[in-house]
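There are two complexes below, and they share chain A, which is joined by chain B in the first and by chain C in the second.
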Partner chain A sequence: MLHVAIATRAFRRYSTYRAATLAGIFTNSVFGIIYSFAYLAVWRANPTAGGYDAQDAVTYVWLGQALLMTIALWGGGTTDDLAERIRTGDVAIDLYRPVGLVGWYLASDLGRAAYHLLTRGVGPTLIGFLVFDISLPSSPLNALAFAVSLVLAVVVSFAIRFLVASTAFWLLDQSGVKVMSGAFAIFFSGMMLPLVLFPGWLGTLARALPWASYVQVPADVWLGKHTGLDLLAALGFQVMWAVVLLAACQGVLRLATRKVVVQGG
Partner chain B sequence: MAEPRAVLHLRTYLQIAWLWIRAAWQYPTSFVLLAVGNGLITGLDFVGLWIMFAHLDDLAGFTLHEVALLYGSASLALAIADTAIGSVERIGTYIRTGRLDQMMTKPVPLLVQVCADQFTLRRLGRLTQAAIVFGWACTYVDWTPTRVLVAVSMLLSGGLVFFGLFVGFSCVQFWTTDATEFANAFTYGGATVTQYPLNIFPREVIVGLTFVIPVAFVNWYPCLYLLGRTDPAGMPEAFQFASPVAGVLTMAAALLVWRSGVRHYTSTGS
Partner chain C sequence: MSATGPLIDVRDLERTFAVRRRVDGRRRRVRDSVLAVHDLTFAVAAGEMVGYIGPNGAGKSTTIKMLTGILVPTGGQVRVAGLDPNRDRVELARRIGVVFGQRSTLWWDLPLRDSFELLQKMYRISRARYRDNLDRFVDLLDLGDQLDTPVRQLSLGQRMRGDITAALLHDPEVLYLDEPTIGLDVVSKGRLREFLRALNDERGTTLVLTTHDLQDIEALCDRVIVIDHGTSVYDGPLAGLHAQGGSSRTLVVDLVDEAPPVVVPGATVRRVEGPRQWLSFPADASAAPIVAAVAASYDVADLSIQEPDIEDVIRELYSRGPEPLDRR
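So, the complex of A and B:
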């Protein structure tokens, strides 16, 4: 119950910035339109590139724009608060609360993600739907699987952002690591270019890394590229990374609290 | 009289910028990672384009090195503007926290202070990467003296256009302080649009990018001249030399918007 309360508060906190949200929806839509035309040109030249057709490609573009903020691809979200609290030393207060730090921030980040999904996710998708021919999930099962995949995408992304924020225990400032991590996230999530286009070993590597859970896996679930056991495997891949990375978060936290002197007096 | 004042402003700008570079150096690991990370983001961006071309012979009639010329020149123009004055994006934060009021009391023009504030060398990452791609693409261009002239004027004018877009659209924040991202659609969006051959877009979009948000002049028209190609959209050939006009006009419009924004500004009052 406590975690639901945390999530609701985070949802409300983010919903106070209305103009920022509108500006963001506008910007996501502009980028969606640019990339749609670019991908249409690519798939006009090669109609079966990466096993997608033109409609898949354009749908992929708008899914990417919808997911961009929901999974906080660039980094940030509630883990930025954590990094700031580590820098100032306020994290000491968080640490002696009778609630786990990871659970606290995860709940808060899920609340944030829910807000961003409903605004920055749904908003551009409507524009994309009006301007371009984008496809919907083919069955209720696909839609349900997409919802699960989406939550898992947020959890995996949260765990990585939490690890990045934790570097502030040692470096005091997370911003360098955050930018590096963002660079990898953009490239290996399939946000920049669908991973299905990545050739050979690079493609294999990209599809095995945790970032594939961010965009490529949810998008393929939406597009109905996984069916039957394959669908379970895709979701299992995300669950695997979520578990491994959340465990790593706990481990790093234990290490940090043992080794590090908290800032402040 | 006007000349020494501009020099003075430039010197103040550089002094403030140097201050921020030294401040950022207090966290050396972050400083280095930020520069490398920013280079990496843009570097991987180009790798993405490269991978795309593994599936294509050409994009709307343009080969990889022709698209690289478009990509390099657009990124370079954006990087020049972003390095010099990218901080103007944060104007909303300055308004909200009241820092703009402090800045107004100082004997340095507000725009100079805002642009130099939190100056960061990490943007050199983007600048370097863009220069490398542009340099590589340039080796495929059949150079003549006029083409060299057009190329130089392209980069300077492109920088001016983005300067104008950064300043002009950031001014929206004088009216709604938290709409930072609005400007991104035009600045980063403009750079993204122009890294592709514009003939992948419908004609109405090209007209809009020529007359409304003139990013087509950042690289598209001059690059057509550098590559010796006829305009697939059939726009007048004179446009290929008109980039400086577009740069100056965008910049002038932005300065007007800036002035009306500052006049409109009434502080947060606390």
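So, the complex of A and C:
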């Protein structure tokens, strides 16, 4: 109940920035179009690259643009509020509350993600749908699985962003770590290039890292690349990272409150 | 918690912080530890209003953080309402309220009402109780017109009143106030103090007040704990601070004619200006014999007594330093 209230308020809070949202949809669409033409050129040269056909590739591009803000791939989202509150010491107030910090910020981030999905997600996708030949999920089950995968993608990304923000307890400022983490995310999520194109051991490694949950796994679920048990395994992979990383968040938080001075009086 | 035990029980509390220090001639920084709080023992009974004062860096905030469970003591023991604050932080959080003058506990982007509603859910306050409390505090603190205003648009005074309401909606047993009147104008300060006193009277809410504004203390607290260099240097009634601090009162004598400094037992002349003389005498001594002695030997036109300034008293206490350290 409380967490639903937190999520709806986060949704409402983000929805006040209308102009920024419109500008963002425009940017996502422009990048979607540029990437689409680039990918089409690649797949004209190699029509089965990574087991995708040209339509898969273009769909992948628009899924990536839709997910970019929804999962806050670059970092940011409500965990930026946390990092700022750690820096100023306001986090002390959060710690006075009879509610866990991780669940609190997760609920808030899910509210934010819902808003970004409906605007920065759906908006560019409509443009892509009008301009290019994008495939839709092949069955209601596939669509449902994608919805689950999307939520898990947000949770995994949240946990990593929470860990990045927590570094502020020790470093006072998250920005260096955030930039580094963002670089890892853009490369290993499959945002820049689908992980299915990564060769040999690099591909194996990339598909095992948590960032694969961000774009590659949801995209493959949407494209119907996983069926039956394989689909469960794909979602299970995301669940595994979500659980491990959320547990790490709890651990880091406990460590922080034990060892570290909360800033200021 | 036992019915007779103190609400807040602090024994031999200690907190050290590890710091790294640069030492000349060495390449690496040396690990060192700083005693932020040590040998701190006090107890607060339910319903007390206690002023917790001390200079910057004395260990006030560190103590409050340990009382509320967001900082683990490195030694000694803390019990609040029978709970170990750090171990039972979440449970304790339901029973305490915290107000910071310099930080808001409200959500910046949300209307005041939304913050209150989130708190209702967070503290699981029953709908009826919530309505009652909200109506009451909104009325007493005159917040009716601000309920739908986003917090970022409130004035400091309005925000502060919002923060106090937020801290009280769940009927906390203890309210910690950190510089609650900082930056407020005189009228707002007065109203806030009045409200806090009524809260303590009517609901028996225990108040622990950290402040630099000694008028807050004088208006609200029957008892003060003075902390300096991490430990308590005074714990007792406000009035007793005068004796402890070795402060003095001043007898201002207006003589009919100019005269050399008057000589009376128990008082010394500090200043002479024409027919007016300033005599100081210990704050805990009676003024009556001194007044009588002056009147018996001189022609007096007028007399008045100036009470010692509490700030001077505390400054005096601070400058003497903590006794426990000396004893070591």
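In this text, the second predicted complex is superposed on the first by the 265 of 265 C-alpha atoms of A that agree within 3 Å, B and C clash if a C-alpha of one lies under 4 Å from a C-alpha of the other, contacts with A are read in each partner's own complex, and residues count from 1 in each chain.
Definition applied: a contact is a pair of C-beta atoms (placed from the backbone, for glycine too) under 8 Å apart; a residue touches a chain by one contact, two chains touch by 3 or more.
Remember, predicted model here, so these are calculated numbers, not experimental data.
Contacts of A:G176 after superposition on the shared chain: chain B is touched, whereas chain C is not. Contacts of A:A92 after superposition on the shared chain: chain C is touched, whereas chain B is not. With both structures placed on the common chain, the touch criterion links A:R258 to chain C but leaves chain B unconnected. Using the contact criterion defined above for the overlaid structures, shared-chain residue A:M192 touches chain B, although it does not reach chain C. When both complexes are overlaid on chain A, the residue A:F26 reaches chain B alone and has no touch with chain C. After overlaying the two complexes on the shared chain, residue contacts for A:L205 are found with neither chain B nor chain C. In the superposition on chain A, A:I6 makes contact with chain C only, not with chain B. Counting the residues of chain A that each partner touches, chain B and chain C differ, and the larger count belongs to B. With both structures placed on the common chain, the touch criterion links A:A41 to chain B but leaves chain C unconnected. Of all the residues in chain C, the ones that touch chain A in their complex are 17, 60-61, 65, 68, 70-72, 89-91, 93-94, 96, 98, 100, 102-103, 105, 107, 109-110, 114, 117-118, 121-123, 178. Per the touch definition, chain B reaches chain A in the complex via residues 27, 29-34, 36-38, 40-41, 44-45, 47-48, 51-52, 54-60, 122, 176-182, 184-185, 189, 192-193, 196, 200-202, 205.
By the touch rule above, chain A contacts chain B in their complex via residues 17, 19-20, 22-24, 26-27, 30-31, 34-35, 37-38, 40-42, 45-46, 49-50, 171-177, 179-180, 182-183, 186-187, 192-193, 197-199, 202. Residues 1-2, 5-6, 9, 13, 16, 88-90, 92-93, 95-100, 257-258, 261-262, 264-265 of chain A are the ones that touch chain C when the two sit in their complex.
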